[in-house]
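Just dropping this structure here.
Chain naming follows the written order as A, B, C, D and E, and within any one chain the residues start at number 1.
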Amino acid sequence: MIRDWLIQKVLPRSLWVYHTNCGACNGCDIEVLDVLTPYYDAERFGIKVVGSPRHADALLVSGPMTRQTAPAVRRVYEAVPDPKVVFAIGSCATGGGMWHDTYNVLGGADQVLPVDFYVPGCPPRPEAILHGIATALGLTPKEVHALHAIQEADEVEIEELAEEQRLVHERE
Amino acid sequence: MTVETITERLGQRVGEALLDTRTHKETRLYLTVDPAAVVDAADELFNRMQARYVITAATDQRRDHGAYLITHFFSFDADDVYVAVHTRVPEGNPRIDAITPTVPGAGWAEREMRDVMGVEPVGHPDPRRLVLPDDWPEDLHPLRCDFSTADSPAPVTGMEMPMKDIPEGAVMVPVGPYFPTQHEPESFAVFVEGETVVGSDYRGFYNHRGIEKLGCSDLTYNQIPFVAERICGICGFVHSCAYCMAVEEAAGIEVPRRADYIRTVFLELERLHSHLLWTGVAAHIIGFDTLFMQTWRMREPVMWLCEKLTGNRKTYGMNIVGGVRRDIPDDAHDDIERVLADIEREWTALAEAVPGDRTLMARLRDVGYLSPEEARNVCALGPTARGSGKRIDVRIDHPYAAYDELELSAPVEEGGDTLARTLVRLAETPIAISIIRQALARMPDGPVRAEIDEDISPGLEGIAAVEAPRGESFHWVLTGENNRPARWRVRAPTYANLQAIDAMIKGDVLADVPIDIGSIDPCYSCTDRMTVIDRRSGQMRVMTREEMLGSRQTAEHTGT
Amino acid sequence: MPLAPMLESAIKLTSVALAGGIVAGVALSRWQRAAGWVCSLALAGALAASAWIGSMAWETGAVGIEFGHGNGWPIALHFSRLNMIFIWLVLGLGLAATIYSVRYIEHASQAPGTPRYAALRYYPVLMLFLASMVAVVCLSNLIAFFIAWNVMSLAGLALIVHEYHKPGVLRAGLKFAAFTLVGNAAIFAAIMLYHSATGSYQAHDGALAGLLGDGSPIAHLVFGLFAFGFLTKLGIYPMGDWLPDAHPAAPSPVSALLSGVMIKLAAYDIAHMMIRTTDVPAGAMMAWGLVLAALGGVSVLLGGSAAAANNDTKRLLAYSSVAQSGYILMCLGLSMAFAPVNQTLAALAFVAGIVFVIADAMHKGLLFLTAGSVLHATGTRDLVQLGGLGDGMPTTTVAAIAGALSVGGIPLSAGFVGKWLLFQTLLLGAAVTPMAAVYLLVIVVGSILSAAYALKYVGAAFLGAPAGRIAGEAHEVPGSMRVPQIVLAVGALAAGLWPALIVRPALQAWGYLGAAASPLADLRMGELLVPLGASGMVGGFVPPAVLALVAVAGLMALGLARLAGVPTREVPSWQSGLALPLAHTRLPASGWYWPFTPILRAAYREIPFPWTPAAVPVETDASDGS
Amino acid sequence: MTIASKLKEALLCMKAGRVTLPYPFEPHDPEEGFRGLPKVDVNKCIGCGGCANVCPARLIRVIDKDQSTRVLVFLYERCTFCGRCAEVCPEGAIEMTRDFELSTDDVHDDMIGEYHIFMGPCERCGRCYRPPTALDKLMKPGMREDTIDRKCPMLCPGRTEEKE
Amino acid sequence: MTLSQYLPTIGTAVAGMVLALLVAPLLEGVVRKLRAIIQSRQGPPVTQPYLDLLKLLAKEDLRVSVSPVATWGPPLFLAAILVAAGVMPLGGIMPEPAVADIVVFIGLLALANITLAGLGFATGSAFSSLGASREVMLMLAAEPVLFLSLLVLALKGQSLTFTGMLQAPVGVATIAAALTYLLALQMYVAKIPFDITEAETELIGGPLSELSGPRLAMVYWGIYAKQFIYSSLFVQLFVPWTLSFIPWPLLAVLANVAWVFALNLVVVGIVASVNPRLRLDQALRYGVSLAAVAAMALIYAAIV
């Protein structure tokens, strides 16, 4: 009971993050670091970057999952004590980026880890990262949703795509 | 030394084996030599003529020539000449004499050649896998044309890179792949006795994303700049700029002068924010978080400025073959000047405070020593080389963009230690500010982008080098068919500088290792690869982990 | 029943038990295990009988008796509160070591290359060694004492070279023999000179100090020669340099005895012959006392440094013995120095010295036994190859931790009590001589060094991950080897929690030597209070109360920790994302305490010994671990 | 002097004062010209697919659902926000918005754009094309007689490839 | 003496322990706020350390080693430090008879250090063992300074008890001792530039690198409490006259706590903000030179 209370009420105000780069270009990593600096100061929300995954509550994963990093990233995940939350930072981590289909890249972070929250952007602005964390912590609402637009086509009949069909769209 | 003298002296050395010579604008020399003479040619260039080795590229030309094209690049920095030594290795016998014993800095490049193209460097002292992941099959070489980008072979086991054996009485400290001071995955195995470093091993290339493969077959000329700038999240503009310049040189495209100036402005803005960033990261590494916070606070307006000017905080999306995509409007000059003035004021205070800070000096002085000889051997670049007394700077040696019309200098320190590299960066920052001011003041009017009407014909070569904040970024493009390059080779400065780490950290203590590594401002994603070359290769025993465990057990059995 | 006959019977009983032990050792030499148990039994008997003697000695302070008036070779024995403490230590630790030996020697003699007859002589010699030590303490005639002293040395030598087939053992034995020869020669010369000066072979309490009273150069010479001889045995640097070689060479229970009691007998002789509270000139006594204390200080620093830098379990402990001997000598030297000027202070120093003796006998004996268990289980003394034994050898590990806490001088252990008393002494002593401030400095550093090597011993051998196969396959030692360890561990901790257990006998021993008021307030609560000094109290320490506070704080901490009732999960250690064999990332003992290691190692310079140059190599007898 | 210089450093640092922005409690929008999420105005789009050809991340899928419906699927999850699609779009149908607060707990459902465009099939290559005029639309799904002898219509995707 | 005589002392000790336990995180929070101000940013609320510790109490407890040292180390570490807090005077109050003098006090703090080092060795990774080795080395450098500077007072007051030491007359030696104590304070509390043991950028946290959840919370709590103890000890022993004139004990305790905060803000916080971390050998050299000064003060005190 006490533990549930602590996790729900205290943990969001003291989120220690461990930053894991899985093959990123540095852009996201620098922005993650930038979030700690005076203009954005993530520490005011209790967010702290820690050096050992044992101390972490959240994993910030950036970059596409390369074949070489995947096992190491899995070990990082295992080394984090429960409860833990995984953030995918940047377009590479959310969807594999422009290397999504190259021979050494497995795809986005969710190919290897159970990702809880995604922060797209290339790189995401520090504000976007803050927004992502704030959204995950329930401080601000989510602002994106699927865009689905159909041309106003006079007399032509429109066939609505079935939900499952939509998802199949060649997302290799 | 002019292209003529180089050709002449090489001709004297290798004679008939010099098959072909082409020059371009008196600053580019393309030679073709017989495979048997490639070591002699490298020796003549590197050891006799004191050229700087740049990189080796391997190209699959089996369809056209029935051979693999191996190219070693050298640079005559004082004379503004890049030399490419082409060799064709027949496809039936993909083996070539390794130049590493002659040119130590080629160690990684030849290992990479073996990995990605399957051309065996014969006589290489350390022929371990470099680039490909541990679970990659031995006989598959991704840069060959018959390998498709999207192929991802089933994982195999037992291919872990064999590690050097741990010296007696030492412990292996795994600095990475995930380590707080490394913002990217890469794995230094540092062997320490007590806390004194007695050796190291390296397994990098965790960030290998197959960029060159994308650029060699899949993407069109104008898609690549966007891939190129994502080679590195800090010096992205450098890569897209160098790539575009290489294509422009190959295709003979005249870039409007205004575009050159705009590129110069952004290159220097990038250097500015990169050096501020580095100062902060280095301070963070040695636990000086206040300095980290303050330099990054100073840096943030540059990022906002870049976002305003380019639409992205990282200056992504500016370069395109033929020029740049956005102009710098005249009303932005004031904004730029305001940001520059702020930084200049604060930076001056900082640069004055640093040498007087005794605790800071204590951490920087006399650690991570890189001798000038070592710097030349590993072909160190940028501030790393300039901190060891080597005056090389592409902006001055091989002027590009608008640098030929601007005044600049390259500060050099003789110390060779971490402090020297720090001082070089401290001195470079105001120079970058001055260059931006000059460029803005002298910027000519006109278009920012050349119209390209004709297709780029295949078989042309272009070399471009840009002085990134970390040193020379080298791009070579060989044009191909279907609006796509046949080969695009990138050599980021960290690729060369990283090979100096082993020498730099040896004898230091563990506490200095992070700042030693940090002092070359490593960018692993640029390098896309890494391992420390071992100059004692003769004595080095390479064992697999299994062998090692086995031998330890035997040792215990026999009571040694 | 009058005292004399009772005493006589008690002495006879003890002697019979000890002699019986020797005989049984010889007679049963073919049946080692039986020999071991019978000898243990004999020792238990001797201990019980000596308790009877002790009760008499304790009542009166000291009792004496003379045998064999008729035959012209009278043997005079005396038993005081002081020497009873030593006799009990000898017999008690001897019993523990003998019980421990039963399985230890059996296992050791099965090792390949061991001469068949090696085990045969072990128990007789061991019993002779113990008996001679008892004799050394209680013989009051100097010639008889000297003979017993030499028998003890010879028996010790025989035990040190017990495993002479192993490399380096003979050299260690030779070194011991050479140093002992020189030391004993000095003692012999001193005895002769003493006789010429006083016309007597009787050495009563404080005899040597009394001799200084006449101020003649010969008296100083006698004093100096005795001191030299005793310090050689005590292991004080540089004359005690045999010690770091001999301990690793000897079988572990023997090391425990050598370190635990044999070297302490020199302390007994110093305490009993050199400290005197009345009729002594302050100048000479204080000078000699301070010199001895200074020598002790040197040993504290050098021994501690060498121990912290060493990677051989038994050698580390041997160096630690050098340091502990240093503490003992410092205390006794201070006691000597203060005796003429301030008897309360002298008493405090004396008590500290005796507490150190008792504590070191317990924890050093214990630690050598644990080192023996490690050797038994793994066949190696090399801390670099050990590690992670905690999983396989839980009892030995816990015992070693207890011993390490005590030797490291951590509060609530026996070793701390001695240090605490020494601090009190030195602080008060600073008013007598500023030299005390220097000694304070020495023991501050020495205390930290002792904590460092104690931690190194436990950490490198028992904690963490196993360094290799040998360490990984270690298993617990048999019960008869565990029990002595447990008993000694309990003793070391109990004495720390209730210091009266060891402080009171020491105080009472002083009570018969000197007559001054006790420097300590009554020990009813197990507390230590020094009610002197300008502000009424020099120091105060109430271990039970501190223990209660630790318990309260610990419960507070645990209560907090259990607040949320979190689950636990076992995970591999974090290696930056790699999956490396544990042995790769294990910090070998050779890498500990950088960057002090080279300085520490250089501090202790071995006395060049001319025969073979090689020191005892770290044993890596990997033949088997079972 | 060390202490004095350290104090001076501390004062130097404090001179800038607190600069922390109140974001996310108050918005901190990017400047004009920032490239955020690209959105397609389906009513302007002519389905040429030029955007798909230039996209470096290859995230735009062009699916011809049937002969008259072309579906453009934007897999925004891997978008690099380079703005090339907007740059090459001949109709200006793609707009780089300034949206950057894109975080979501389900990137695959939320970061997707699906745009349905009505096309006519090209008689020559058989693929969809967008009839340029309303009149042309009426002729769907038939052929355009006037194109039989000419090249594929200007806006047919087969043509756009070398145009950029 | 009887049990009843010790009850007041034990009672105050428990009160002191609880106070240290409760106030220490706030001290850390205030120092963090100061650092944030120097770094031109808003910084976390001053209550942040409480939240951090509470959060850790709810986190899963990952065990690398089943060794009893690993299991019992953290509570013992915290307990030893708390007891040290309990047996030292607070607000100038030190009931007699004392249950522990400074030898025990320092012994308890050494026990804490040794426990932390043992914890590092028990988990057995390269980082934690190197951190543990560093912990012992720093102890070797810092502890003599602490011990010697306190011994100067003890010598002057002719007592090793806190009460006796408070009566030490002020002199050259005591002023030198106070200065060395103040200069070494940063070493005692192991803050930058002396946070060498727990250096995150070198050893990913040293002995702490393998701890998680409640056990990490206990160690952090102990570290915060240590900061409180060492600062408070300076106030108590070297400037007791700033408290002794306050007539009400509770007010004196408050003044003491206020002093501690001031000391941490003015010395610990600022020094930690404007310095990089020293290397082990540099820190040791610093410690040894301070120890030399303290030793000279001690000998001077003994002679004069």
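A few comments on the model shown:
Keep this in mind: a contact is a pair of C-beta atoms (placed from the backbone, for glycine too) under 8 Å apart; a residue touches a chain by one contact, two chains touch by 3 or more.
Not measured: the values here are computed from a predicted model.
Steps from chain B to chain D, taking the shortest chain of touch contacts, total 1. Common neighbours of chain C and chain E under the contact definition above: A, B.
Using CA-based centroids throughout, the chain positioned farthest away from chain D is C.
Of all chains shown, E has the CA centroid lying nearest to the centroid of every protein CA atom.
Using the mean of the Cα atoms as each chain's centre, the chain most removed from chain A is C. Each of A-D and A-E has its own count of C-beta contacts, and the greater count is at A-D.
Centre-to-centre separation between chain B and chain E, using Cα means, comes to 48 Å. Per-chain CA centroids place chain D at a distance of 59 Å from chain E.
Chain geometry summary: the mean Cα position of chain A and that of chain C are 63 Å apart. Counting partners per residue, chain B has 171-174, 177-180, 185, 192, 195, 226-227, 230, 290, 293-294, 297, 307, 312, 316, 359, 509 as the residues that reach two or more other chains. Along chain E, residues 38-42, 57-62, 126-127, 129-130, 200-201, 204, 209-210, 213, 273-275, 280-281 each make contact with two or more other chains. Touching of two or more other chains is recorded for residues 563-564, 566-567, 569, 571, 574-578, 585-587, 591-595 of chain C.
A list of each chain pair in contact follows: A-B, A-C, A-D, A-E, B-C, B-D, B-E, C-E, D-E. Of all residues in chain E, only 32, 36, 39-45, 48, 51-52, 54-55, 57-62, 200-201, 204-205, 208-213, 216 touch chain A in the complex they form.
Interface residues of chain A facing chain B in the complex, by the touch rule stated above, are 19-31, 33-34, 37-39, 49, 51, 53, 63-64, 66-69, 72, 76, 97-99, 101-106, 122-123, 125, 172.
Against chain E, in their complex, chain C makes its touches with residues 387-388, 390-391, 397-398, 401, 408-411, 416, 419-420, 423-424, 427-428, 430-431, 434, 436-438, 440-441, 444-445, 447-449, 451-452, 455, 458-460, 463-465, 521-522, 524-525, 527, 529, 533-542, 545-546, 548-550, 552-554, 556-558, 560-564, 566-576, 582, 585-587, 591-596. By the touch rule above, chain B contacts chain D in their complex via residues 219-220, 222-224, 226-227, 230, 290, 294, 297, 304, 307-312, 316-317, 325-326, 346, 349, 353, 356-359, 455, 483.
Contact residues of chain E toward chain C in the complex are 1-3, 6, 9-10, 13-14, 17-18, 21, 57-69, 74-76, 78-80, 82-83, 86-87, 96-101, 103-104, 107-108, 110-111, 114, 117-118, 121-130, 132-133, 136-137, 139-140, 143-144, 147-148, 151, 154-155, 157-161, 163-164, 167, 204, 209-210, 213-215, 217-218, 221, 280-281, 284, 295, 298-299, 301-303.
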